[in-house]
């Protein structure tokens, strides 16, 4: 057994979290509230160190007075406490939202549309090795069909009838195969995490695994 | 019988949890190991290293990973180092990830003690080298420029092992152990430009990224995830370099059993489901 | 007025930053970086509002001795302890704050993460039933991939590891692409609707 | 003393080892295109001596005058012929460059200087022309359909899982249990979060109508403030402002697993009749969905997080996949303009399919990647 009280704390808290698997109980409740509390305290310190200091305190120290604009706008959040003025809180929200939405459009066009269009299209390099199982023409055509069928499932303007029904259900087949594969593939990563925890408990805490 | 089978349809989830705990813990505690089917990429890496002359040119192991992925990558480093030291192959250690600095040192000094190997003559550890691809380019020009002094502060010229090591021509293999895309960078800057032989050890999640490079031979070998590490442990046991397998093999057994458990659970669930449905239809 | 000012702000900023993407010049980069910094600064104030919410929620419980108010006390004291540790003792590697992080917070994070392993098993057991053709495909594909990743798979059939890899790279890729197209288009359209003020539910009651 | 010895040794050996180093030729320096005026690109033809193993790369040097003095900017290895100088601080100021070949034994050969060249900024990124074109097309199509929607109702097919949203509220009312609503982990600027907030607005109205308790534990501070307003507005619009309880929308933490732990606890204790998981999720998705499933709640998920969809599909009763989440938010609002946007998305899908097929045929028939290359980005 370890003689380090910190290791003991870590081990007991881990066990308290795992106890939820049996059922909700006072130990878990305690650990859960301690846990969320600690994360909030952590968030406060982190927000101060990584946001407030570089983006508010330092500009003030360097006399970059433009910083009073976001400070003033940020203060509007506090109108929440004044019911008559609380609509002013929407201004900082509008700024975040406008910035995010504008920024997003060209990025979505590039990453989610153009890159994917390219990935789906057959190109001349695929013609060189027709039967290659990953990059060949035949597989390329399979990916093309799968992608188009999946798109057709998300077609909202028509009922899924006739040809659209066939392609949409083929699309769903692809989706299900894909989801199954992803699920199966993730099992290993999650099991590794659990093994890691077990190793901590049975190596660092109770020296059972050699 | 039918009643029992139909019960499989709705087993309490706590029984499932208990089964998971058991199949994970037993291989870890009782040291149960299963024989692995060794992937070609792992075999290639082993053969590469095994073909190096004992006491001749050193291989370079770059610890390009952070503590978060250490459970998967540490066992690889340990297995490869055991192979090298048991066979008498010299090792140059370094790293491109700041947090890998201490990881590499801890492993290399632990394993070197097991085999009574000395820093400076049997292995050299240079620690974290900032600069990423620049470091790779420097090694291609002049190793001394890239690694002026080792982790312990000894200058390059005072390291007997490094005498006669000028660039990649004198290093038969570079092994990058990485949780991110460092092997890619090694391929581009050391492999393509200086014709160095590159191999990698990576997490299971990253492995598919590198299949194309294995196919083209830009990577001469690879260990992928816990499985790759376990395969390497098995290879060095089979070749007689070490007596028993290590942590990756245990973890891999635990992973295997947990996969089999989930597969069995699905099968049982379906049996239960069909039996129940038949009983309801009657 | 109440609605128009925020809507105008969203419109102006939205249009500006779509256009900004295509302009590499210096003033354009400055505008972008300034906005990014201001957005970070705004986050600090929003955090205060969130803190107010959680402090109120839990102090109320404690004051009214409502339900299991003792846990609310645990929650608030833990938050206070961590924050004070960080502000007073600093955040260096050897500080009390880092110890709390390393031996209390982080073990609970990783344990919660590890619980996923159990849930993967229970979800697979409960949901992977061959009820319909689609569910059967889901099940079989998960089966093959799981087998392909372990030695048993290769023992049953040598091609299993390759097949499982292929499933990940080909059909999985095709379906993800199809879904991603929809997401990309939906995201462009929604962003546009927000900028134009057609999508204005976020204004709430104002 | 040691240094002195080395120096003398070097002086002695120099004539023996000197390579007769050739300088690099055809030096060229140009203003880097499509930037903000902080960079100049230098190119050269490698030195004729760049075949010898003792050759040791190139130093790139810069000066404000042709005659010097030159300051070293950086070293490039053997066989390179390209350097991007990103250290320009003043636009329209003239610079001169030269590249010096180096050898292991310490001799060097400088090229002819090139210049003057000045960095300037661009007002349009020509490399992003295709993205601009795509953005305009997608925006135009969406706008056209929104415009059309003003003139009349457009048809949208039923979305599976949407009726469940309405049913869920009724079920909770019957059971006298609360409804739990999660908004995901992403900030307000993400589309999934906006969609999740929209659906929350709808659910809040319904719950106010039936007087069903609604619990909204939040993760992001800004999303928290908006969610609170949405729920309040839901109660107001049903004429029941008294139903809004301050502590029904509360901030939990913005730590991923901390949030998952707290939500697991809340679900186990409050036993909600229905759990909604809308918005963007990461690995905690399965923790939420499985903890919820254990309490016997009806679960409705909606996310565009492709990596988490497999887990929601397996452990929730209904899952809105990707675009269905946005569609649901438009559909539930019954706002014709939002529905019009959905039509526009459909038209864009047809366009994309057409582009993919055209590019494929082009490659197959003309053996050319012209269309494929049009979609190059970054």
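Letters A, B, C and D name the chains as they come in the text, with residue numbers starting at 1 for each one.
Going forward, a contact is a pair of C-beta atoms (placed from the backbone, for glycine too) under 8 Å apart; a residue touches a chain by one contact, two chains touch by 3 or more.
All values reported here derive from a predicted model rather than from experimental measurement.
Looking at subunit A and subunit C, the chains that touch each of them are B, D.
The most central chain, judged by the distance from its Cα centroid to the centroid of all protein Cα atoms shown, is A. For the pair subunit B and subunit C, the distance between mean C-alpha positions equals 30 Å. Averaged Cα coordinates give subunit A a centre that lies 12 Å from the centre of subunit D.
Annotation for subunit C: residues 18, 21-22, 43, 46-47, 49, 51, 54, 108-109, 112-113, 115-118, 120, 122, 124, 126, 128, 138-139, 142-143, 146, 149, 168-169, 176, 179-183, 185, 187-188, 191-192, 194, 202-204, 206 touch two or more other chains. In subunit B, the residues that reach two or more other chains under the touch definition are 13, 17, 20, 24, 204, 211, 255, 258-259, 262. Counting partner chains per residue, subunit A has residues 17, 20-21, 29, 31-32, 35-36, 38-40, 42-43, 77, 80, 93, 96-97, 99, 101, 103-106, 109, 111, 113, 120, 134, 144, 147-148, 151, 154, 175, 178-180, 182-183, 186-188, 191, 194, 196 touching two or more of them.
Contact topology of the protein chains: fully connected, every pair of chains touching. Residues 117-118, 120-122, 124-126, 128-131, 139, 142-143, 146-147, 149-152, 154-155, 161, 165, 168-169 of subunit C are the ones touching subunit B in the complex.
Only residues 2, 5-7, 9-18, 20-22, 34-35, 37-49, 51-52, 54, 68, 71-72, 74-87, 91, 97, 99-118, 120, 124, 133-135, 137-146, 149, 162, 164, 166-185, 187-188, 191-192, 194-195, 202-204, 206 of subunit C touch subunit A when the two sit together in their complex. Contact residues of subunit B toward subunit D in the complex are 13, 137-138, 140-142, 193. For subunit A in complex with subunit C, the touching residues are 6-7, 9-11, 13-14, 17-18, 20-21, 29-45, 47-49, 51-52, 54-56, 59, 66-67, 69-71, 73-75, 77-78, 80, 87, 90-99, 101-109, 111-113, 116, 119-120, 133-134, 139, 142-151, 153-154, 171-188, 190-191, 193-194, 196-197, 200.
Partner subunit C is touched in their complex by these residues of subunit B: 11, 13, 16-17, 19-20, 24, 34-37, 39, 204, 208, 211, 227, 255-256, 258-263, 265-266, 268-270, 273-274.
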